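The structure's right below; bear with me while I get my questions together.
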Amino acid sequence: MDLSTLIGLIVGFGFVVYGILSGGSLMLFVNWPSVFIVCGGTLGAVLINYPLADVLGVIKVAKNAFLHKEESPNAIIGTLVSFAETARREGILSLEQQAQTLDDDFLKNGINLAVDGTEPEYIKEIMSTELDYIAERHKTGAGIFENTALYAPAFGMIGTLIGLVQMLVQMSDPSTIGPAMAVALITTFYGALIANLICNPIAGKLKARSSNEILIKQLCIEGIMAIQSGDNPRIVEGKLKAFLSPSQRTATE
Amino acid sequence: MDLSTLIGLIVGFGFVVYGILSGGSLMLFVNWPSVFIVCGGTLGAVLINYPLADVLGVIKVAKNAFLHKEESPNAIIGTLVSFAETARREGILSLEQQAQTLDDDFLKNGINLAVDGTEPEYIKEIMSTELDYIAERHKTGAGIFENTALYAPAFGMIGTLIGLVQMLVQMSDPSTIGPAMAVALITTFYGALIANLICNPIAGKLKARSSNEILIKQLCIEGIMAIQSGDNPRIVEGKLKAFLSPSQRTATE
Amino acid sequence: MDLSTLIGLIVGFGFVVYGILSGGSLMLFVNWPSVFIVCGGTLGAVLINYPLADVLGVIKVAKNAFLHKEESPNAIIGTLVSFAETARREGILSLEQQAQTLDDDFLKNGINLAVDGTEPEYIKEIMSTELDYIAERHKTGAGIFENTALYAPAFGMIGTLIGLVQMLVQMSDPSTIGPAMAVALITTFYGALIANLICNPIAGKLKARSSNEILIKQLCIEGIMAIQSGDNPRIVEGKLKAFLSPSQRTATE
Amino acid sequence: MDLSTLIGLIVGFGFVVYGILSGGSLMLFVNWPSVFIVCGGTLGAVLINYPLADVLGVIKVAKNAFLHKEESPNAIIGTLVSFAETARREGILSLEQQAQTLDDDFLKNGINLAVDGTEPEYIKEIMSTELDYIAERHKTGAGIFENTALYAPAFGMIGTLIGLVQMLVQMSDPSTIGPAMAVALITTFYGALIANLICNPIAGKLKARSSNEILIKQLCIEGIMAIQSGDNPRIVEGKLKAFLSPSQRTATE
Amino acid sequence: MDLSTLIGLIVGFGFVVYGILSGGSLMLFVNWPSVFIVCGGTLGAVLINYPLADVLGVIKVAKNAFLHKEESPNAIIGTLVSFAETARREGILSLEQQAQTLDDDFLKNGINLAVDGTEPEYIKEIMSTELDYIAERHKTGAGIFENTALYAPAFGMIGTLIGLVQMLVQMSDPSTIGPAMAVALITTFYGALIANLICNPIAGKLKARSSNEILIKQLCIEGIMAIQSGDNPRIVEGKLKAFLSPSQRTATE
């Protein structure tokens, strides 16, 4: 899990639990029927909203996103510049073997296309199409979390309405009103917590991850184009560094 | 009906009903005047909002979307690659007969245009225009559900306001306040349920369906262009696979 | 008035009035100061928001939109294909007379430009500019209703705040609280009804109308281009039919 | 001040004040601490949000927008057509003197560039850049009012929360609850009024003004291009009239 | 700190504190558990939402934005025009030394590329890529504040729900209800204040700063292009002044 997600979860839940404990027992906020209405209703809405494959896929996507180490743009630039040097010195065919050692399928396929002598426009077209659809799929992944963040508070409100209606009908004994209303409000509390401490932040992290991955893939496309056109490695480096912030640039040297 | 929609409806309504039953009778939440205000008002607003043909059409669109089997991008790529092989071996005219067996009118028309020797730019233009307007009509379809999801909670609130005003005016006997307010809140409950467990999720599913259909139609356009220009079937496959995710790609092999 | 608008108004107001009557008298919901605050305030805001010409113009636009018969894309395609036939058989100059019988000024001007032998790019430029600005004006028209739908609930809330403040200050006799608060809520009720049963649905209908009109005008531009370049009438029909849905296409034959 | 803004302010405030007076004294709604919280807080937020120059500039922009007479597209078209005639008859150099009499700096500079024999692409580039940045500055101007319309209700709510907290803590004497809560609600009332009767409508009017000014400047660019290329004045008029609505067009003749 | 931010903070907090003091003690609004729930929860959500580097980076970005003096577009135009003069008189190579004295790395790199005789399209591509990614990073910076402005009120509501539930359960003694509810509302107050007086205004200021910086960098790109193509300094000035408002233009002279 990446560090800030872990810290964020600990900090966020820690302070909310601390806030609860400073005023009473944590058990007041555990109510199983409320859990079922909010989580069950939200799950139902998400399942209707998305194809089953997307819902199941998002779990894997999220797991990968949080557990896999993020690639660094600098590392990719280093790789591409060294490829450009090899290609200049020994010819582009010499990249074939080096490409086999790469983890990144996207870059490997691109190098293979270049080694095969495919026309540059065709390489660019095929890689850009692939990148477009990768971006599209990332958007779907983040979108599932964003939609969950909309459904959860809605079912929180639905649960509170159910509780209020039941409380108001049986309002014979005023002393039961308080506790009944407290229980009714718990679903709203669950919905707000799911949306604001889990789903929206995770959707945000997935989007940041996606931008980074897309940046790296754009570097790959630019780099392969430059290598194939036989650019000087210094020029390749210059072109690719333009994608980075000044602080990222110094980090390499 | 596609599996996740069915599961979603069962899960969503199941948990909401369970939540209600764990606190009282289900009959508390059935109130006919409330049903009429929310459903009638929402229906009225949707009918003013959309041409009659669109409102009637959306029912058919939704039914088709949920009952018809979705096409798989892999199957279409397989078909297009086999067409490319036939066209290479036996000439493009030999596709005429094969095209007749296709279910997909969009692809069939495209193949027919190519067989007729129509100019590539013209085929691309005509197919892209058609695709643009298909996307437009899909957006209208999903838009009707999205707008219903906005009107339903609004009429839920209108119904609650009606109930509150009637309750507040006749507030002579305090013991009737509770039940009267319970009834007033039921319209808000209906509106929230219609929006969040029916209309918004269905709009989402229609959009996912639409993306899939548009992807398949873009594959058709790309494929026909490649077949007509006499591309090698391997190249055709490479170009089309760039549209798929890595997992979809492996699924074919 | 187009059918669905009429049905929608009857259905929507019918069910809301029914819902009111099932719980008490309709007169409870008629309160003149509330009408003045909501309608007067909303009107004021709209008048500040838009130039006077736009506010006055929207009434005419809305009237036209609801009372005039909508043109059918199929009819326009028929007209354009028959023009293409005439132009092929008797030369483009022979269209001059036929164009005089057209109701649609946009198409008539386009045909006249083509008959005058104006260059195609210039015709396309002039007609596209006109279409862009027609779309712009339609958007202003729908925008006025959309903004009214935002202002009306805001003034509903302002009215309720006025009522609440007046009630709370004079809270000496508890028995008057109920009726006073009922009156205060009526402005919110008015605001919600104006937004959700009148303004938002009408804005939606105007947008649907606008899409249809823009589609027809795009057909005109495409058709005139094709006629001027001397396309075969069959090709003209093929190009134009790509704009229609499959069901619209069969409707012609 | 343009007419509809004046009428709108009178109508809007008139009906709100009438609504207040029909239920009690206007003085109930005047509370200085509430004014300070809402106006002071909103002003503070706007000052943090925007550079000082923008905040001061917007007052001048708004004043100009409401007091200066709007230019008519028809008048500009007339000017441009007469320039086209002069240029055709006496050569483009003859426009130099006429241009000096123009009020509109944008048009004057453009004519001067054309008279100087600058290349058309360069004139178009320089005038389009200028137009882009004019549009950008107009957007900033309207944006300040839109943001104020977001901050004002937020500080209205903040004021109400302050009032509620103070009331709830000192809730020893039930008879003071009503008046204290009334005062607490007044800040929400102020916030809603500032947003919906002042800031949002003015932002809307500024946007309508901006569209009109941009339309006129686009007419100027198109017209200068046409004059420089020596177009026939009739053609110039035809091209420029395509920007207008049918009703605007007849207005000239 | 730029002047309007400082004034805004003083004005905004000053009036809110004044509003509080005019009705009671400031200490009523200081409650440590409430601070912990709102700030801790918000911090947690932001940390999950963004990579750690972005969260830490935003502090530096914000500090720079508020403390560093903003560059003036006029000054940059002056510099570029003087460079154009030098380049015309003494050749483009003579700019090498002058460029070393520049503070702005972006402009310095651009001049160096031009001095090195790099092709104009390549300079434009590399500088535009860099500008795109600078804009992207600015958007991330402002986005963190905008998201904080969404999370803070959400955790304010979560805190109020916690307080309400605890109050309602222990509702045995009616006299404690008031103070308990007052405390519950304080988290909502904190959330609203953080969003509307700190985060949203700062996000706005960062965006205004970013527009200014992007404008200056676009001036640099345009200027270097013009210098390299050997444009007359007067023409360079004309091109660059088109980016400015009339008032900014006069400010130079």
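The letters A, B, C, D and E name the chains in turn, as written, and every chain counts its residues from 1.
FYI, a residue touches a chain if its C-beta (ideal position, glycine included) is under 8 Å from a C-beta of that chain, and two chains touch if they have at least 3 such contacts.
Computed from a prediction, not measured in an experiment: that's the story for all the values here.
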item: Each chain counted as touching chain A and chain D at once; value: E
item: Copies chain E and chain D - interface residue numbers shared by over half, same or different; value: different
item: Size of the rotation, in steps of 5 degrees, that lays the CA trace of chain A over chain E; value: 70
item: Chain A and chain C: spacing of chain centres that average the CA atoms, whole Å; value: 40
item: Rounded Å distance, chain C centre to chain D centre (Cα mean); value: 25
item: Topology of the chain contact graph, where touching chains are joined (line, ring, star, complete, other); value: ring
item: Chain ring listed from chain B, with chain C in second place; value: B, C, D, E, A
item: Residue numbers on chain B that touch chain A, as the complex places them; value: 2-5, 7-16, 18-20, 22-24, 28-29, 70, 177-179, 181-182, 185-186, 188-189, 192-193, 195-197, 200-202, 204-205, 208, 211-212, 238-239, 242-247
item: Chain C-facing residues of chain B, complex; value: 33-34, 36-37, 39-41, 43-52, 54-55, 57, 105, 125-127, 129-130, 133-134, 136-137, 140, 147, 150-151, 154-155, 157-159, 161-171
